[in-house]
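Scrolling down, you'll hit the structures one after another.
The same chain A turns up in both complexes below, where it pairs with chain B and then with chain C.
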Partner chain A sequence: MVTKTPVSPSNQQVMEVVFHPKSVAVFGASRDTKKESSSGWVGRLVHFGYKGKLYPINPGASEIMGLKAYPSIKAIPDEVDYAIVNLPREMVPGVVQDCVEKGVKVVHVYSAGFAETGTEEGKKLQDQVKKAITGSNTRLIGPNCIGVYCPSGGLTFSMDSSKEAGEIAFFTQTGTGGRQLVSRANARGLRFSKVVSYGNALDLGVEDFVEYSATDNETKVILLYVEGLKDGSRFFEAIRRATKVKPVIVLAAGLTESGAGAAASHTASLAGNQQVWRAFFEQTGAIQVEDFDEAIEQLVASLKIPKLTGNKVGLVGRGGGLGVITSDMCERNGLKVPRFTQEIQKILATLTAADSGSTITNPAEIGFGREGVSKTYAEGLRVVASDPQIDFVLTFLYPEMYVVEFGITNWVDGLVNAFLEVNKTMPKPMVVAFVQGQNADVFKDIGLAGEHLLRGGIACFPTIQAATKAVAKLVNYYRFIEANYE
Partner chain B sequence: MNNDLIKGIVNRAKEENRTLLTEIESKQVIAQAGLSVVETKLALTQQEAIALSKNIGFPVVMKVISPDIVHKSDGGGVVLNIKNEEEVVAAWNSIHAAARGRFPKANILGISVQKMAKPGTEVIIGMFTDRQFGPVLMFGLGGVLVELLKDVSFRIVPLTTFDARTMIRNIKGYPLLNGYRGRDVVNTEYLEKWLVSLSDFVKIHPEIKEFDLNPIFAYNDGAVVVDARVIIESKI
Partner chain C sequence: MVTKTPVSPSNQQVMEVVFHPKSVAVFGASRDTKKESSSGWVGRLVHFGYKGKLYPINPGASEIMGLKAYPSIKAIPDEVDYAIVNLPREMVPGVVQDCVEKGVKVVHVYSAGFAETGTEEGKKLQDQVKKAITGSNTRLIGPNCIGVYCPSGGLTFSMDSSKEAGEIAFFTQTGTGGRQLVSRANARGLRFSKVVSYGNALDLGVEDFVEYSATDNETKVILLYVEGLKDGSRFFEAIRRATKVKPVIVLAAGLTESGAGAAASHTASLAGNQQVWRAFFEQTGAIQVEDFDEAIEQLVASLKIPKLTGNKVGLVGRGGGLGVITSDMCERNGLKVPRFTQEIQKILATLTAADSGSTITNPAEIGFGREGVSKTYAEGLRVVASDPQIDFVLTFLYPEMYVVEFGITNWVDGLVNAFLEVNKTMPKPMVVAFVQGQNADVFKDIGLAGEHLLRGGIACFPTIQAATKAVAKLVNYYRFIEANYE
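Now for the complex of A and B:
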């Protein structure tokens, strides 16, 4: 008998199947159409508009949601690229073995109850799954994970994720947190290229996904949530390569695994977990965030702010106290707020009311008044941006004051359009930050305005603090790249 | 690089059930990474110590060599600035007396003799193996106060020259290397090269689990490893 030695597919080839499978089989599809349609994997893919071939597997059904159902994977006459396994854990090793024999390229095990439980039974089952794929060309995502969300490939793990593709790749160990982040980021106006919740990472892990997305043209920013690493050295190298070409944001949680353990040398006794992770960030240039809130703000900054050349910010906004606080926040986060040049101040003076006592040194207090983003205000933004010392402009707005004091309603469209118009002729990057109040309607409107601005290509933040922190970290990233590689 | 020499030292230590290499062994290993070390030789007798001292040239330093004594300087086990034959004899006697007094059960292999290095700015370069990221290098101000001051920085292997440069500049005491208040400027580029060499070295020698090169005397035209302690994997 002639046996053909199978050539293992490259990471690139595996990832093409992960994100754009031509056919998907679903183990554990329900005969109950209503149930499958509202909460099953077949339902999810159908509603999301998956364009490839879909094969529900259920030995007790001939048809599920109008699709022909099969009793087993082997009963499917055609090739199957991708299989989703949603079965009791005891059945998983067996069906994964079947998938291997069928030649399925990628298996996503949604089922939980494996090594993550810490039980002997769970670990044993996971080992059996591992054994099933070892030596084969079948690759596995999971177990214990919600898998892939990729709008361009028609895959989703959630009924409410946007069908529109974006430029963010997001890889996460946690499924619940991952889904939550996607849904919140969607609401802010952010869109994703590729998302994977990879759970126990029995086979495919964050290292594989990062290596792929570093060179993926559909991805401009990478976000990672990691708890533990299978191969720290490979992860380190993969991130180092990725940051050279695009920002990588890392939320590293529960980092107690690192460190040296018992110490026989001064070095080991001085080396804590925190120091090693600090070295990791200092060497790779990856942007560290502490939680999902900050992760979203950092995504906004990294995706919507054009490359920053420095840390000097020109501030534009009304309210003396607010200006001082904003300057302080900028400085605390490592940004600089230089005084505008005499020449710039002279021009700014012509834009402000002569008797108002407005500041024009930086911040520039220019009216965002009854008329919203007025011509004067727009001009002020451009003048500030033209100061040769300034690298970018940050403008802060307090809409509640105009709503409450001047009775202005329906301010969102006017403001958004005006900003989009200004942005066309801004010579330098512009960042918008809102100041929140306590009026629920204004809060909602700020959210709406932020979403529209973001969709129009302007980085917009719900608070000044969020803006300064995220922008400062982005500045540091570009500085790192410049110092290290340019 | 003489890998057989390293293999020989590591195997001997394993046979003797040791993970800690002696100072002499540690320096031989570290010299293979391309670092200059203060050469150290073992004297088994007083006569050997005298002969070695004359050969190396005064002034010399003598240190107790025992697998049971880790912190040699703590118990009178180190004598510096020995200028002649009489002082060698005195040092020989005082080191033995101190070791017997303080560590009565210690197995004394002999006394090492080395050239007294020209004083320089003391720095430390260390390595340990992180459970997630593998070998990690450390740089800091050296000497006996290392663990007290904790003025150190870390870099995961492999290091680029950029990593080596920023890790040196990251420590609070960096001005001390850069001519603070009229001090000698240390040639930090030289140390950067060492860090990169050590990074390459530990990458191909996973049997080395930890080391302290402490102190290193750093000068404006180079540096020298004055003391070294290498720890190897217990079972490979």
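Now for the complex of A and C:
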């Protein structure tokens, strides 16, 4: 039954199995159909619509969720591309050995309790797993991870992840955090091409995934959450090659002394070195983010803003104090807010009542209109974009003010339609930032408007701080590429 | 009719009139009762429950909202403490002159269109107003501002502000931003003692308000939004005296080149100098914030966290990746996350399943419980607080996970009660940070829980970033006070 190929498969070949396996075996499938259907790996794949062959393994069952069950991997008569191991940790080395003998191409060990515990027993078990695959062509994801989410391959680690494929590749050392990021990004309207939570990275690690996704046509932006690296120089080279062709966003966690201590307990990773990481970011052009919120905003910017190397922003939005704060925020994050030309100011003066306190120098304060975005507002965006000094337009909106003060509650459609319409003829990128107050209905509507705008191709952010930070980092990325490769 | 007092009133006397006038006259009250009731200054004061004498002024009306109306200020038979001017700008110099002659103690000019427009006409009108009060005992707030909100005095600039008085004094050069901040802070459960939007600061300015509130017993924390100063050295001294006795939070806007341009158009303020402001913050101990979001969080920290000079935090919360990110965030913001003592770790190990991947070194990962906060969780908070190295406890919670994954929707009461209960016997300050996802119901519940916790005396923040930043800044403030005055 041993079916070793004479030559080790290439990383490309391994990744094709990781994301599009033709057959999947599941160790630890439950005889309790209700339980398996709601929280098991077989249930997950069935409900997600996995199209390949699915083999539940359970010595005590003949059928699970209508599928024939097998007592062991070796009892399966056909070839198995991919196996998911959900068993007590003590059983893992043995079944991984069985997978190797069966010629399974990729094994995902979901089970935890290995090196990450810091215990002798955990480390010993992880060594045994490692020994089982050493010298074979069987590759391994994990242990201590939730594995793969790939809509086009029919794989998922979560029942509620979108079945729609997108253009984000995301590789994460944390499972819970990774799943939560996918869930939140999905809710914002973002979609993923390939996601892997790889846990302890006993075998396959972030280096392998980045090398693959740099040339993957289904991926336009790469996001990584890393706590440690197995091979720093290979990682560095992989990122350098990737950033040449697409933005790479990196959340490197455990960089501070406090964080390093936490990382050691979490995935048994060695402390990161802040100086080394600083050099890494400077030399690769990778975009650094510091938490999951920033990661999501950077995804939005990277996917929805076309190549932008200029940092001069034209601001449009009401509220003098908010305009001053926004201008400071722009500059603190690396953007510039130049005074509009006399000609542009003249045109803006015809759109706004400049003598009653409205600013037209940048920011431009233009009435939103009590029925939603007015024609004047849309025209103002276009006028500001036509200033030759301006590289892009940022408009900031505070819907709670309109809802609470003017009683406007149905603003979403009008705003979305007006912005999508004006964006068709905007000569420069347009970015939308919302200010969120405390009102839950407004929170919901901002989410709805944001999702529509995003799907219509407009970058949209939940705070002004998030917008200015994310755009400034994107500009720095394109400047790095221009300076180094063009 | 001229009733000049021989000696100029002290700042204290002026402020008593500003916040607790015995009588108020309103220029520009509307004959249309419906309009006046919904958006006029008389309507506002009537609905807010102002207890003093109220004199609407309108030459074309005999009665407004059931109150006798007067054709002019001079026609009012009694003394008038305070007048609100809501008239076309051209009329303002004349009525201010009338107020001076009538002996009105404080005039609030709501009308805009003065120096802030940058026009000759605007500047000329402002000069005329200034001339009218020069040499008199009449003091002026504005022009171009929404004036005073003081629940104990019955004054408000907004119909929806809370009638309940609190301990925050807030002085702001921006009216719209100021009103929005009050509205958002109210919704969080925060309450104010005295608020003034003072606009162009022709006469009374931030220096006067700070001097007063430093010794005001109704005020425990002071917040300022400033774009420019009339008297830098007086401001510096007033702040120094205030920070000795209570935290002072300052949002100085227009500090960058971009922001300074915007400030010039907004309130005609001169560009701030970043070096000067940096020295100001270093030498006064005032707490710098950069936007309204940070301002609100700093208010929460300042009011709800007792004096704290230690920066060592014990973290409790689920999610290994989130724990690592939080630890990094703590250290980046100036806090430390020390490893718990062996003794504490031993106790934590009995509360959590450390061998299945839960961290007990700091952060401590403890199960939240599917029915809300478990007894184990509460006990974990107490254990962490008992570590002799720890100065305070920060617990981070991600309710969306519980709602989406476990279907727990009624978590608010259980969590609030458990936290208020455990807080009674906590030997050290406890801080709560939420992680907000995209779910609007969860947003609403986080708001609700936050308000209950806050009113119960527990500092509570909408993000981990906000919590760590605000607490770190508060620690720095108390360290400054200790180093300089104790």
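Assume the second predicted complex is superposed on the first by the 461 of 486 C-alpha atoms of A that agree within 3 Å, B and C clash if a C-alpha of one lies under 4 Å from a C-alpha of the other, contacts with A are read in each partner's own complex, and residues count from 1 in each chain.
In the analysis below, a residue touches a chain if its C-beta (ideal position, glycine included) is under 8 Å from a C-beta of that chain, and two chains touch if they have at least 3 such contacts.
Remember, it's a predicted structure, so these values are computed and weren't measured experimentally.
**Student:** Does the superposition put A:Q128 against chain B (first), chain C (second), both, or neither?
**Tutor:** neither
**Student:** Have a look at where A:T309 lands relative to chain B and chain C in the superposition and call it first, second, both or neither.
**Tutor:** A:T309: touches no partner chain.
**Student:** Can A:Q275 be said to touch chain B (first), chain C (second), both, or neither?
**Tutor:** In the superposition, A:Q275 touches chain B alone.
**Student:** After the superposition on A, what does A:T341 contact: first (chain B), second (chain C), both or neither?
**Tutor:** A:T341: touches no partner chain.
**Student:** So, A:G232: does it touch chain B (first), chain C (second), both, or neither?
**Tutor:** A:G232 sits against chain B, while chain C stays out of touch.
**Student:** A:H266 contacts which: chain B (first), chain C (second), both, neither?
**Tutor:** both
**Student:** Spot which of chain B and chain C makes contact with more residues of chain A, would you?
**Tutor:** C
**Student:** Tell me which partner A:G437 touches in the superposition: chain B (first), chain C (second), both or neither.
**Tutor:** In the superposition, A:G437 contacts chain C only.
**Student:** Touching A:N476 in the superposition: chain B (first), chain C (second), both, neither?
**Tutor:** The answer is neither, since A:N476 touches no partner chain.
**Student:** Which positions of chain A sit in both the chain B and the chain C interface?
**Tutor:** Touching chain B in the first complex and chain C in the second, residues 257-259, 261, 263-267 of chain A appear in both lists.
**Student:** Going by the contact rule at the top, pick out the chain C residues touching chain A in the complex.
**Tutor:** So the residues of chain C in touch with chain A come to 112-113, 116-117, 119, 121-122, 144, 160, 172-178, 180, 183-184, 187-188, 225, 227, 251, 253-259, 261-267, 290-293, 318-332, 335-337, 339, 354-357, 359-363, 398, 400-401, 404, 437-441, 443-444, 447, 463-465.
**Student:** Mind pulling up the chain B residues that touch chain A in the complex?
**Tutor:** It comes out as residues 19-20, 124, 126-134, 136, 138, 140, 146-147, 150, 152-156, 159-160, 162-163, 166-167, 170, 210-212, 214, 229, 231.
**Student:** In the complex formed with chain B, which residues of chain A make contact?
**Tutor:** Touch list, chain A to chain B: 228-229, 232-233, 236, 257-261, 263-271, 275-276, 278-280, 282-283, 483-484.
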